[in-house]
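In what follows, structures are represented as structure tokens.
One chain, chain A, appears in both complexes that follow, with chain B as partner in the first and chain C in the second.
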Partner chain A sequence: MSPFPLLKLAWRSIWRNRRRTLISMSAATFGLVLVIFYSSLMSAMIGEAKTQLDTTGMGHVEISAAGYRQKPQASRAFQDPAQVVQSLSLPPGSEAGYRVLARALISSAHASEGVELHGVDWANEARLASYVTDLRAGALPAAGDANGILIGEKLAARLKVGVGSKLRVMASRTDGEVGANLFRVRGIFHSISPAISQTRVVVGAAAAQELLGTPGAAHEIVVQIDDPSKADALAASLGKQLGGGYEVFSYGQLIPAMKSIEALMDNALFIAALFVYMLVGLGVLNTALMSVMERTREFGVMMAVGTRPRRLVWQVLAESFWIATISATVGLALGLAITWYGSGHALMDFSKKLGEGMDLGGMTIRSALRTAFSISQSLKAAAYVYAMALLVGLYPAWRVTRMRPADALRRA
Partner chain B sequence: MAVVDVENVTKRYEERGQPPADALRGVSVKVEKGEFMALAGPSGSGKTTLLNLIGGLDAPTGGTIRVEGHDISSMGRAALADLRRDRIGFVFQAYNLIPVLTARENAEYVLELQGVPAGDRRRRVDELFERIGLGALAGSRPLKMSGGQQQRVAVARAIVSQPAVVLADEPTANLDQHTGAALVDLMRELNRERGITFIFSTHDPMVLERADRVVRLVDGQIAGDERKKAA
Partner chain C sequence: MLSLIRISWRNLWRNARRTAITMSALTLGVAVIVGLDSYREATFAQMIRSVTQGLVGHLQVHGRGYQESPELGTVVQNPAQVEAEISRALPGATPERRVIGAGLAGTGDASTAVLVLGIQPGRSQEIRRIVNGQELSEQSPKRVVIGRGLADELGLKVGDELVLVGQAVDGSVANDKFTIAGMAATDSSEMDAHGVFLKLADAQEFFGLGDAVHQVVVRLPGEEQEDLTRPLSVLKGALDLASLEAMTWSQILPELKGMVEGKRQGQQAVNFIVFLIVALGVLNTTSMAVFERTRELGVMASLGTRPRRLWAMVVTEAVLQGLLSFALGVGAAWLVLHAVGTVDLTKLSNADMMGVRMPDAVQLHLQTKSVAGAFTVALFTVVAGSLFPAIRASRLKPVEAARFV
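Moving on to the complex of A and B:
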């Protein structure tokens, strides 16, 4: 049996009722575009949240002294952090650095704010947290600058300070006293995370150690790797390497919300896609079934002139094939075009209401939402629509084979 | 051997909520090769039912039907389809051409089912169309053609594969007297030229007078079987 006359007849048959076929194809096409768009939006949001781990300075793996995560006190620190960093077995391309951390009170002549103090090695930090180099005013403090401090735009606005202003920082020391020091604003950074912009201040590691009374000690080692999906495995191996005096966590363990949201989005996408696929299936089924019912007599004639039941099945499936092929092709092309455009331009922008970024359960994403352009993901969605459209064609095809020629010919 | 051998065939229609209806009651008839035979009788006498049974479009309730010696009541659906494709042609009252195919493609359809190569199909159909005066209409769709033209295409579709028998159910019923007479004359010519057996149902006296043999059905039974003497 040659498929070509069969496909030609099917092609002409689907255009007998042009409007109905176009409506059915449009529904399938629109459904596919919707699935591609929605899935690419979800992927982009998760991808954005993962990307923002780097820009906010969070590690894919973070190491701290045992008990620090449960009770973050200045005394829960580890010694010789630079040496510990050197000793870590890390995959090629990894970045690692240590930080001195504390909760502190920062005061200007106008206001006081509670902040997170990060004491860092400036050169390392510039590689680990891109916000420290995204300066809107001033410059990064020099390596030996004992009084230089970087603060965020929002904090600067609340404290009403600028580059060169003096700030007093107070924090609890390990000896139970309150440490205090004067710093001068060297730079004002920009971060899309409202929390970082408003509550984080960065000073040199030595200055932070002096303030807290923890010379030569640090609270955290941050490791960033090329493939974040290997973070859990790396955390496990570093945990074994470092032993019981340390806690090692992957970002998934530190921000459980990210995995929850990822799972939630996957489930929501699955349900939405299933719903759309079912609607597509019903639309194509309706068209195919109506078309078959209207042509009962014609199928009777085809049987009368010697068409085998199996060929009639292929005939009906060939009509579903055309509807599926056109819908999937057009839907895929439109979906790819929209998501490609959306990957470079914000299709939904909530930044006027929400600001540049949104903090969600420890994650930060941009308020101007973009899509992730993924050919493989779009092809997968198109394949499902295609399969669904072909699958539903089986029912009308089966109906045709159940007809007795004489009964079919009697139909008006 | 008879081309068609109908032996004591009965057909009862039973539908839920309706009393059973006997459409054929013990019909027996033999049709020899090359006959041009009419089935006559009033509406409801069983003409169409008998044609459907001979063509394997429906199954008899009792009795046997043989086409070229094959007992069609024991055949499966695919085997019956193959028999119709290769040995039986159909012409229907309402033409029943496939509207999305051209006249040529309608006639080619049966050859395509038989697996005849495209070039051969086209040559055979074009020759036949020239013979029956449809050459200029080969590329036309059925809806652009008159009833008489459509029925000629239907006749072409029925005979293009050189079947043993053509079954025509009221082929002139939708045609005017002149066109109907021309169509029957054409069928008669093809019957003589190609030796194809024609069995057609009709109650049109003009058609009946052109038949070699008239089998009359009344209430599902054969009421008469007249053969005309050769001229």
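Moving on to the complex of A and C:
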């Protein structure tokens, strides 16, 4: 016998108790939507922190003179940074630039703060760090500006300064002396990272070199690429190209927390999903079992008139098939729709409570959470729900094989 | 009432398999929620503890406007008097004075910008752990304890000299030499990398502050205090608010507070959906249980059982299942939490969240708050799931129902 009438019969059977079927399907559907939504939220958080490194100005690959990471001193610099950047063989679509770095003390008439000083090529930096162009007051310093400085909103508030204010910057020079120069605030930038807004200041490369006594030298080259998964390979090849005088790290090595947080989220997600699948399974099992039990007499009659137990088993399995198929399909469609919408609109927005962004172990995560629309991830979740619903259908089917026609008939 | 419970109890076990399946879903739901919630709350409690026992304290008193814009000159002029007022207003509270400023610390050939903290060594044990060398002592003058990251960066050892340069409160350059007494590990990577701890008097002298301090940190007896509205208002009542400001740790670190609340809301959303799934299961089985007893319920109604009693019977069955599953679920969560014991978070411990170090390890306990929350939701679930079938039971027409096969 072809399976087609069997499926048709099963289809009719499940709708004999419409309410029950709908309830048990909606439990499975809700569960699936929950898992799809939750997992896409998690991967969006990490994914954005990974690809959008320009929110912090970090590179997927960062190059510095050997030993600089261990002991970040002004003297551990390399010469002709622009030429080194030129010489790098990078994949198309990459952005690269150099920076002069220092940990400095910045003072206004009111207060002093410790800051990270970045000496940059302005045109390049605008492509590497989005906050540089997100000015809330003032303007970007001109290319030759020897004492222009950009500071973040939080720092400006703490130092009580505005555009045009004078700031004194002190940092350790290569000769061991303390270098001090006066700068004028040209612009105040906005960053979603509280840490950057409070502790980063940006000046021209030449001004930073003069302050530190390192003419023509820089401390770091950052490279941002389109495909973050290639960062490790690129770091290795650049390391080979540059030789022993440099150290080259991928962002995965620089932010070890990123990997562990990713692993932690995967585990949390796995556990949560597992429980949801179990709950869904129990719900579907219960209804399937009930529907078999209440038809004991009916099955008894069918067997008494000659229907093979095997065929009844197939029918019960076909019923589970329909319930699983419909709930997985509807859940998948809903989940995809929600995560697609959520990838454009922030469905969960914590920015009122948390501020725009949160710093987490070197990453900055936007607090208006979006979802990552991923068909493959959603399909995977749907496949689990589907498998679970089919699997639990086996038990009621097995119960059918244990029915004896005579006993089954006698049951009311 | 008692007979109602007894009857409902017996009814439950007339179809033991069905009841067991429904209850296992409920139990699983309760266990998941209590377990996850307890884990989360334990982590929060630890982070809040590290904040309140550490750098921030439960409450702080500053010179007015300091939180908004921490100027070196915005100070508490009479810390002794303020401490006396704090002790009078909040018996048992321990105040601690702090001076906070920025400077450049270095040796002959390298220096870096640092955060200078003037502390009272005897009173601030919890903000750092000496990993090398010694604690500051009142006897030996001009000593410093530095963060271990700073020591690495500048290549400093215990006994080395540290030159500190900064700006004094009058705008002049402050400059002094100190001997490194020890190195410390703290609860914040920022402090590890850039923290320099001086004795309060040394810091006051360095910045030219006289007797003034920037913060009076207040720690209250009893650790688990999240809601500090009352102590704050008592404290505010005792202080001269024209020149001073008082605030709680959650006002000082609003992002941390926001994160805790945000995660709690997220947890509630998940709880809601988990229980929605479970409630649908309850609804399904209860509907079935009512449906298959249509005849029986009809007979009962014909014999004079009130509709209200039929209604109550069905709801009681559900509530009994709910209570039993709740107990089993909490038990299961307890077992799992204690079997796991301590969760090691050392992989994450380099990660600062909102400036606060994630705890190294979290000791898991059943949290009363989580249990209470799960109880409310579990009860709500079973009642919501059984309400509709119960109403159907009470509306049965005796004659038709009794004829139903």
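To be clear about the criterion, the second predicted complex is superposed on the first by the 403 of 412 C-alpha atoms of A that agree within 3 Å, B and C clash if a C-alpha of one lies under 4 Å from a C-alpha of the other, contacts with A are read in each partner's own complex, and residues count from 1 in each chain.
As a convention for this text, a residue touches a chain if its C-beta (ideal position, glycine included) is under 8 Å from a C-beta of that chain, and two chains touch if they have at least 3 such contacts.
The shown structure was predicted, so the numbers you read here are calculated from the model rather than taken from an experiment.
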item: Contacts of A:Phe30 with chain B and chain C, given as first, second, both or neither; value: second
item: If touched residues of chain A are counted for chain B and for chain C, the larger one; value: C
item: First (chain B), second (chain C), both or neither touched by A:Met170; value: second
item: Touching partner for A:Ala304 - first (chain B), second (chain C), both, neither; value: first
item: Which superposed partner A:Lys240 touches (first chain B, second chain C, both, neither); value: neither
item: First, second, both or neither for A:Arg12, with chain B first and chain C second; value: first
item: Touching residues on chain B, where the partner in the complex is chain A; value: 52, 55-58, 77-78, 81-86, 88-90, 92, 96, 98-101, 109-110, 112-115, 157
item: Interface residues, chain A side, partner chain C - complex; value: 19-20, 23-24, 26-27, 30-31, 34, 38, 70-74, 103-105, 107, 109-115, 157-160, 170-172, 176, 178, 194-195, 256-257, 260-261, 263-264, 272, 275-276, 278-280, 282-283, 285-287, 289-290, 294, 348, 350, 352-355, 358-362, 367, 412
item: Contacting residues of chain C [partner chain A, same complex]; value: 17-18, 21-22, 24-25, 28-29, 32, 36, 68-73, 101-104, 106, 108-115, 152-155, 165-167, 171, 194, 254-255, 257-259, 261-262, 266, 270, 273-274, 276-278, 280-281, 283-285, 287-288, 292, 347-348, 350-355, 358, 405
item: Complex interface listing, chain A residues touching chain B; value: 1-2, 5, 9, 12-13, 16, 297-298, 300-311, 404-406, 409
